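Here the structure comes first, spelled out in structure tokens, and everything after it is commentary.
Letters A, B and C mark the chains in the order given here, with residues in each chain numbered from 1 onward.
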Amino acid sequence: MTNESIIESLLFAAGDEGLTAGQIAAVLEISVQDVQSLVEKMAELLRKDHSRGVMITLYGAEYRLMTKKENAEFIQKLAEKPSPKTLSQAALETLAIIAYNQPITRIEVEEIRGVKTERPIATLAARGLIEEAGRADAPGRPILYVTTSEFLDVFQLKGLNELPPLSEEEASAQQEADLFFGRFEEALEE
Amino acid sequence: MTNESIIESLLFAAGDEGLTAGQIAAVLEISVQDVQSLVEKMAELLRKDHSRGVMITLYGAEYRLMTKKENAEFIQKLAEKPSPKTLSQAALETLAIIAYNQPITRIEVEEIRGVKTERPIATLAARGLIEEAGRADAPGRPILYVTTSEFLDVFQLKGLNELPPLSEEEASAQQEADLFFGRFEEALEE
Amino acid sequence: MEYKVKIDSFEGPLDLLLHLINQLEIDIYDIPAAEITNQYLSYVNTMQQLELDVASEYLVMAATLIAMKSRSLLPDHTEEDDEFYEEDPREELTRRLVEYKKYKEAAEKLHVLEEERTMFFSRPPSDHLFASNVEGPLHVSIYDMLGAFQKMMRRKKLAIPPKATVRREEVSVETRMKALREKLRFSKEPMLFEELFDSNERNELVVSFLAILELMKQNEIKILQKGNFAKLYVMSGGNEK
């Protein structure tokens, strides 16, 4: 694969946070200058190519892939159409993080998701699935969120302790060799 | 901007939520068939173009942009978290039995595996790979399990019809004979 | 301790039997009862000696095998023609093994697909997509939530250097006004005043505040407050009735 291909992969996976030329250079093992000229060339090609829907921006020190401004109206149109599921993946992710980590602030949720989470939180609050529960003892006193009884209702849980465990428990719980075991030994000895 | 450009923008914005052909069609105001053939053409171009780092996948009903497999090592170089653990042998066997026989009860799975299957089922449910789908019309009204859309995603399937075929080698004369005599026996018992 | 690991890794009696059949290179459709029973029992004995927990399923199978073996030692009292009417435990065992083997192999194929899938990465969906659906009954299950969570876990978060080295570019009031307009248009519902500030940097706070004032002045936005000290909400569309 070409360096252009790898850079596209990296910028795509990096999401809204983007990557610096230095980070890309470290991965490709080429100089920062080479990265800069490569990315500039890619950005130029993207700008000119009307069949492409993304562009590269330099925001602070980070390169980011973003959708082209010309297509914003179509993205908005998509945003206006209700999701085929009743909760979007973004909302479900956010809800899972809150459910398993409550009380939790929006910033903390965003750190886990790696993306802004204002709208999913607004949706979940409007749906009555989460609510505010005071403020964290942190700079800016951010709002803490918890799930509601409506959440338990919708997901048919008696309580939060009924949430399934998230990680695969290793087969450490020892299965007891039952009574049969003893009888079997006897049978063998006979 | 071209439809290709808009589709790229939409798929980019949707990220791993993905979009169905129907959702794209509604935004572009063209037919679902047109979307399908456009997206397929785009996917083909992406596959062939070594300067591109992303591809279009279809798991379940959703098209998604994903990084190409060839670039995985470069992304992993920068990744904060290790790859999630793949499923244990027990979980995979259980999942295979459920996938090919859904809906199915735990007892039926255990009959095939010849061993208790509570823990693998709990693991699979926690990973969102299987879900409950009502109860069987049998004594004790046991829970029926089916696979989810997340299952299709994890195993790169468009649908259940894309499951790898179960091995045919056992369809030997011997097994056919077994089948025949099995039916014959049943007939006799009636 | 490799031995222990190996024994521990069987997925039950059928898996162990398949292993033995493979090792002894015997025909799954013509299992020699005596040999397989002896081998099986020696494995189960080893498990006991190593003080592994031997699940009851292994012992049930042991009993079945012992029954099968003793049966094979008895003189065949059935007539040739009656052979198939006789319930042969070997046939039943073969059927179960063949059935189990099918899924064991399918599990291996699924594993290959699963491994390959971990090589593809996506990005998080944009914040403002699909989030506005707040009406109608909710048809969503805990499994949908877990599935979404797993999808998120599979995403790669790429490491970002410390923010200290980042220099913000200067943002003009005009640019900020445009951004705020867009943000409010996307949001449709009133947004919290605080939500309009993306950055905590002083320069940007000031520019954002000036932009909000300017938008108010131009009657493009409205600010709502329910009472003294209540939260400020901002919504667009001041100038359109």
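Rule of thumb we're sticking to: a residue touches a chain if its C-beta (ideal position, glycine included) is under 8 Å from a C-beta of that chain, and two chains touch if they have at least 3 such contacts.
Not measured: the values here are computed from a predicted model.
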item	value
Longest centre-to-centre distance from chain A, chain (CA-based)	B
Core chain by centroid distance, with centroids computed from Cα atoms only	C
Between chain C and chain A, distance of the C-alpha-averaged centres to the nearest whole Å	14
Chain A and chain B: spacing of chain centres that average the CA atoms, whole Å	21
For chain B, residues contacting two or more additional chains	12-17, 65, 67-68, 75, 78, 87, 90, 116, 125-127
Interface hub residues of chain C, defined as touching at least two other chains	55, 121-126, 129-130, 141, 144-149, 151-152, 155-159
Parts of chain B lying in touch with chain A, wherever the complex brings them together	1-2, 4-10, 12-17, 19-20, 22-23, 26-28, 50-54, 65, 67-68, 70-71, 74-75, 77-78, 85, 87-88, 90-91, 116, 119, 122-123, 125-127
Touch list for chain A against partner chain C, complex	9-10, 12-20, 22-23, 59-62, 72, 75-76, 78-83, 85-93, 95-97, 99, 112-120, 122-123, 126-127, 140, 154-157, 163-164, 166, 174-178, 180-181, 184, 187-188
Touching residues (chain side chain C, partner chain A) in the complex	41, 53-56, 59-60, 62-63, 66, 121-134, 136-142, 144-149, 151-152, 155-161, 165-169, 182, 185-187, 189, 195, 200
Contacting residues of chain C [partner chain B, same complex]	9, 11-15, 29, 55, 57, 61, 84-85, 91, 94-96, 98-111, 113-126, 129-130, 141, 143-159
